[in-house]
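Several structures are given next for inspection.
What follows is chain A paired twice: with chain B in the first complex and chain C in the second.
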Partner chain A sequence: MNNLENYKKAFLSTFPIKEEQLEKLEYNQIDEWDSIGHMGLMSELEEKFKITLDTDDIVDFSSFQKGKKILKKYKINI
Partner chain B sequence: MLKSKVVLITGSSRGIGKAILEKFAAEGIHIIACSNKKNNIHIDYCRKLSRKYKIKIYPLFFNFNNQDNINDGIEKIKKLNIKINYLINNAGIITTSSFQMTKKTDLTEIFKVNFFGQFYFTQHISKMMIKTDGSKSIVNISSSSGLDNDIGRSVYSASKASIISLSSTLSKELSAFKIRVNSIAPGLTETDMMRNNTKKEYIEKTLSRISLKRIGKPEEIANVVFFLCSDLSSYVNGQTIRVDGGMH
Partner chain C sequence: MPIASSLLKKPRLVKKLKDFYEYVKFNDGKVGTKTRGIDLNFNNACNLRCKYCFTNSPKGDHVKEYLDYGAIADLADQADELGYFEFDLQGGELLLQPKKLFKVLEAIKPERFYLYVTTNGYYLDKSMAERLADANVSRVSVSIDSMDEKVHDEIRGRKESWKRAIAALEHVRNAGMDPYLNITVGHYNANTDHFKQLLDYSKEKKYKTLLNVAVPAGMWQKAEQIICDDKDREYLRKIRKEYKNLVRNIWNPFDRTNEGILGCTTVNRLYITPIGDVLVCPYVHIKIGNIFKQSLKEIVEYGFKIKHFRNHSDLCLAGEDKSFIDRFMTKSGQTIFQPAEAKNIFSEDDYV
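For the complex of A and B:
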């Protein structure tokens, strides 16, 4: 599984959404991506990519697209 | 009861932390035993417990007064690649001085270790715990000082009160992930830290206020920590339990 697939899978296993929704998905856009859901997503990403996200990055992680840029800082190219 | 589970204990090399280490080891639970500096006596002791109870113990060393050290500790924990069921935030330091005589450095140091470090550490470990199946619990070791606000303990009491407040908030936020969070407020407990930081007169005065008329043993605190991790306390969440022999 490549990085993009893993990245998508983290979202799809955390939130009850379809893959087509991912590209434009933003924080708080769906009920499930609230502060609690956000914590679940961060946990999923940290485990999948074996990284420890900095708190500032967790706060900045505001959309599916923004997340890709943030993960670049951790040498994960999506 | 908690077989095949994993507990992470901070401040595990002495005092209450060591008693918690012994209790969980005796119960057959695997342990990530954190303490602030490398200590071969502690490592040998962990090895002895590990053999005696046929469990795995991973001694790790990092200090809570420095964020880089905490980050280093978190990375070491992640590299173990094991699921954590229980987090016992026990690491802490104490200072005794009247309000006007409290140095800024003491104020900063106490809060760095007793609150900011634990806050940051718990942010990371709780995220890892989300992925763990089965029972999950966080126990924060506060102090009766955090509730009674003893004279000469303005900074220490405030730092321990902040732990009680944090525990209450976390119990609400982490319940979505089936993680229970409680705190314990030990009273006078027989540890080196207590003996080195409490005047003899204060100990005697406090003893007169304790119904059981004796100082608590570290293992008596450890027993309550174990209870709060076990399923015997499955409906206990967001509480602060005094373990003080009945202080009045």
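For the complex of A and C:
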């Protein structure tokens, strides 16, 4: 599984959404991506990519697209 | 879309919430001794006369005492240092005295916490909701007893209570905070159409529904017939799967199967009274310290030395554990202002 597939899978296993929704998905856009869901997503990403996200990056992680840019800092190219 | 409530505006909160998440994850989904929340009752005066009030506010108990702003600021600093990430302001009815409420908010610095106000909603109009959102309040919880206006107003002891509470929740959402509809559930209403109507309304409106189990404390002390039995608990487990917007403090909020039990959160969620007494939770009226006499750290450490609060419990001690209730919550006159003293009621065997 490549990085993009892994990245998408983290979202799809955290939230009850369809793959087509991912590209434009933003924090708080769906009920499930609230503060609790956010922690679940961050944990899923950390496990999948074997990284520890900084607090600032968790705060900045406001959308599916923004997350791709943040993961670049951890040398994960999506 | 909630804006004021957004976690992403509160970096310090994110850090603490992540610590909590990691702790729970590596502790088999249980809360253990991790600090979670402060429930602060800084004044007990209220405009309603609810039949089941756990603070005895309708009896006028200590309604003229206030915790001072300096003490609240110090408490919030200590709580933040200890990793407490939730701060629930409750009364009494805090919107009776908005000037004082906003001073308290200033003292707490809500940008550090998932801060919420629990209210009966009577005075919560559009303008007040916007002011609360501007003050960095993340959530407002409004208690509703029934979808039948008359029933709600009868329980609350004042006409128009229902109408105003229902309207308040919409104001909360429109101002960008998280709207929580609080329901008290006990043996008398679990698994009834009456209760289901409330659940359905909250779900349809896309609110969160916080379930508080009825506890034999305050105005209901010794009313053991209200306590949920095994069948009621089974029903609650069932509806947890059906209504994804349901929240109970004892449930693991991170568990996606909607089955995990975080455990009873006594001491993890402390209750502070207007005279500075620290109780192990809002409903277990047992005192473990006073903020004017000990540091919060000392109080928490002492609280977790008591087995009943340290050890995991699948049941809410105050509302479901009959053995605990019989042993420790039935002292005559036991209230938030006359709590049982932990050092007097627990023996050596009760400590770790």
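Heads up, the rule we're going with is that the second predicted complex is superposed on the first by the 78 of 78 C-alpha atoms of A that agree within 3 Å, B and C clash if a C-alpha of one lies under 4 Å from a C-alpha of the other, contacts with A are read in each partner's own complex, and residues count from 1 in each chain.
We adopt the following convention: a contact is a pair of C-beta atoms (placed from the backbone, for glycine too) under 8 Å apart; a residue touches a chain by one contact, two chains touch by 3 or more.
The shown structure was predicted, so the numbers you read here are calculated from the model rather than taken from an experiment.
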item	value
Chain touching more of chain A, residue-wise (chain B, chain C)	C
Contacts of A:Asn2 with chain B and chain C, given as first, second, both or neither	neither
Which superposed partner A:Tyr27 touches (first chain B, second chain C, both, neither)	second
First, second, both or neither for A:Thr55, with chain B first and chain C second	both
Partner chain in contact with A:Ser43 - chain B first, chain C second, else both or neither	both
Chain B and chain C footprints on chain A, overlapping residues	35-36, 39-40, 42-43, 55
Touching residues (chain side chain A, partner chain B) in the complex	35-36, 39-40, 42-44, 46-47, 50, 52, 55
Residue ranges of chain A touching chain C (in the complex, touch as defined)	14, 27-29, 31-32, 34-36, 38-40, 42-43, 55-56, 58-62
Touch list for chain B against partner chain A, complex	71, 74-75, 78, 120, 123-124, 127-128, 130-131, 173, 176-177
Chain C residues touching chain A - in the complex, by the definition given at the top	1-2, 6-8, 11, 14-15, 17-18, 21-22, 25, 114, 178, 206, 244-245, 253-254, 256
